[in-house]
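Chains here go by letter, A, B, C, D, E and F, matching the order in which they are written, and residues are numbered from 1 within each.
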Amino acid sequence: MLNEIWLPTLNTNTPQEGFELAVKLSRLAVMVSQSSDDNRHGARPAQPNDASQLIGAAHVIALNFQTIAAANDWWRQPSSNTE
Amino acid sequence: MLNEIWLPTLNTNTPQEGFELAVKLSRLAVMVSQSSDDNRHGARPAQPNDASQLIGAAHVIALNFQTIAAANDWWRQPSSNTE
Amino acid sequence: MLNEIWLPTLNTNTPQEGFELAVKLSRLAVMVSQSSDDNRHGARPAQPNDASQLIGAAHVIALNFQTIAAANDWWRQPSSNTE
Amino acid sequence: MLNEIWLPTLNTNTPQEGFELAVKLSRLAVMVSQSSDDNRHGARPAQPNDASQLIGAAHVIALNFQTIAAANDWWRQPSSNTE
Amino acid sequence: MLNEIWLPTLNTNTPQEGFELAVKLSRLAVMVSQSSDDNRHGARPAQPNDASQLIGAAHVIALNFQTIAAANDWWRQPSSNTE
Amino acid sequence: MLNEIWLPTLNTNTPQEGFELAVKLSRLAVMVSQSSDDNRHGARPAQPNDASQLIGAAHVIALNFQTIAAANDWWRQPSSNTE
């Protein structure tokens, strides 16, 4: 897909970093869906532009955040917050 | 994303505080989706304005509440309710 | 959000009470989404009025019921059914 | 909501009975959403009538089936199949 | 619902068979939603016919696959692959 | 469905490979939904072409990624990253 390592781990130090990773994953999934035809390469990413689409995007973020939160055992153990 | 710590933990004292955090997270996700283009900064957040959008927003809240509830082990252990 | 305690616990005695709590949570989430602008206060809650919206509302209920069922360990242990 | 006990347990003997319970729960959730205004009482339940709505209904069933499957520990232990 | 046993177990030998079962469950849920009125019997099943509906159908499959994957403990233990 | 083994395992070495598998599964689910009528065989796969559909596709990917992440125990244990 992409010839580089862009997701080495789901671990983050804090819930906030986990949320930011969820946003990143969500945008990437939109991009991947868009570029599945070769002739789409180079097109600018789809941009949600009305309330329904923004809510849909928030839904994807929430789902990815759920995955990342589980991966981090919901940040129950105190960790060194480096931010 | 935002240059401050706004989500230090997913822990809340009560389910109700957890629900309120879910609402906060959901609004933030909508805002983040909206502001992903630089030229959107400053725009007022999308506002759900019909029943379908409100139900969609409630869906996002439900998903975030599910994550937060798991993070708090569903508040099964009695905690000091500070509210 | 609301200056009272309306969700002290996710525990219910029976699946049926859990379902009813899920309905309550879902309606509340719709209300909260609706009232996020100050000028919406006092408006009557959105009412699903076609099949798509009713199915969407049922979806939110199903998601909240999933959360509540987990909170109650799926009511696997017999409890004193007070209803 | 309803003045009778219609959901005493989430336990079923087989996945198939669990699926049927999921269908029942999903229909009930649609009905409950519909009847939340008093003046809706007596109206006939919403009926999905196009492919999008049928898929939406299937989505709600899938979510409830997920909950019920977890409640039954995914029917991993052989049980006396009474059907 | 149907007077035969069509879902005796959620267990499958491989993820692939689990995916196929998820497809079967999803189609069945659409059919069940469609046939809930008696006068629908015999109608041909709804067929997704545009990209949005196909994505919706894929969503239902993904949800059922999640359930089935959990039921099979994500096929972590090597099993005799009979296919 | 397909007369070959295309999903022998849900295990991947890294979250990134898991994400790529989630994309693959999601596309397959769309294809399977499309080809459920015999007369659809050979049609080119549905291609999301607006923001709502791209977000919907991202949603399916997020759900499949959640399943795959669970299957890999969220890649918590360091594994030999072969990529």
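Convention: contacts are C-beta pairs under 8 Å (C-beta built on N, C-alpha and C of every residue); 3 or more make two chains touch, one makes a residue touch a chain.
Predicted, not measured: the structure shown is a model, and the values here were computed from it.
*Asks:* What chains do subunit A and subunit E have as common neighbours?
*Replies:* F
*Asks:* Quick one: which chains contact subunit A and subunit B both?
*Replies:* Common neighbours, subunit A/subunit B: none found.
*Asks:* Comparing centres built from CA atoms, which chain ends up most distant from subunit A?
*Replies:* D
*Asks:* Using only Cα atoms to place each chain's centre, name the chain farthest from subunit C.
*Replies:* F
*Asks:* What rotation angle superposes the Cα atoms of subunit C onto subunit F, in degrees to the nearest 5?
*Replies:* 180
*Asks:* How many angstrom between the C-alpha centroids of subunit D and subunit B?
*Replies:* Comparing mean C-alpha positions, subunit D is 28 Å from subunit B.
*Asks:* Distance from the CA centroid of subunit C to that of subunit D, rounded to the nearest Å?
*Replies:* Chain centres of subunit C and subunit D, defined by C-alpha means, are spaced 16 Å apart.
*Asks:* Rounded to a whole Å, what is the gap between the Cα centroids of subunit A and subunit D?
*Replies:* Inter-chain centre distance comes to 32 Å.
*Asks:* Give the residues of subunit F touching no fewer than two other chains, as numbers and ranges.
*Replies:* Those would be 47-48, 52, 56-57, 59, 63, 66, 70.
*Asks:* Testing understanding: with touching defined as stated, what is the shape of the graph linking the protein chains, line, ring, star, complete or other?
*Replies:* Shape = ring; chains linked end to end, path closes on itself.
*Asks:* Quick check: in the complex, which residue numbers of subunit A touch subunit F?
*Replies:* Subunit A residues touching subunit F: 1, 5-11, 25-26, 28-30, 32-34, 36-37, 46-49, 52-53, 56-57, 59-60, 63-64, 66-67, 70-71.
*Asks:* Across the complex, what residues on subunit E touch subunit F?
*Replies:* Per the touch definition, subunit E meets subunit F at residues 14-16, 19-20, 23, 27, 47-48, 50-59, 61-63, 65-66, 69-70, 74-76, 81, 83.
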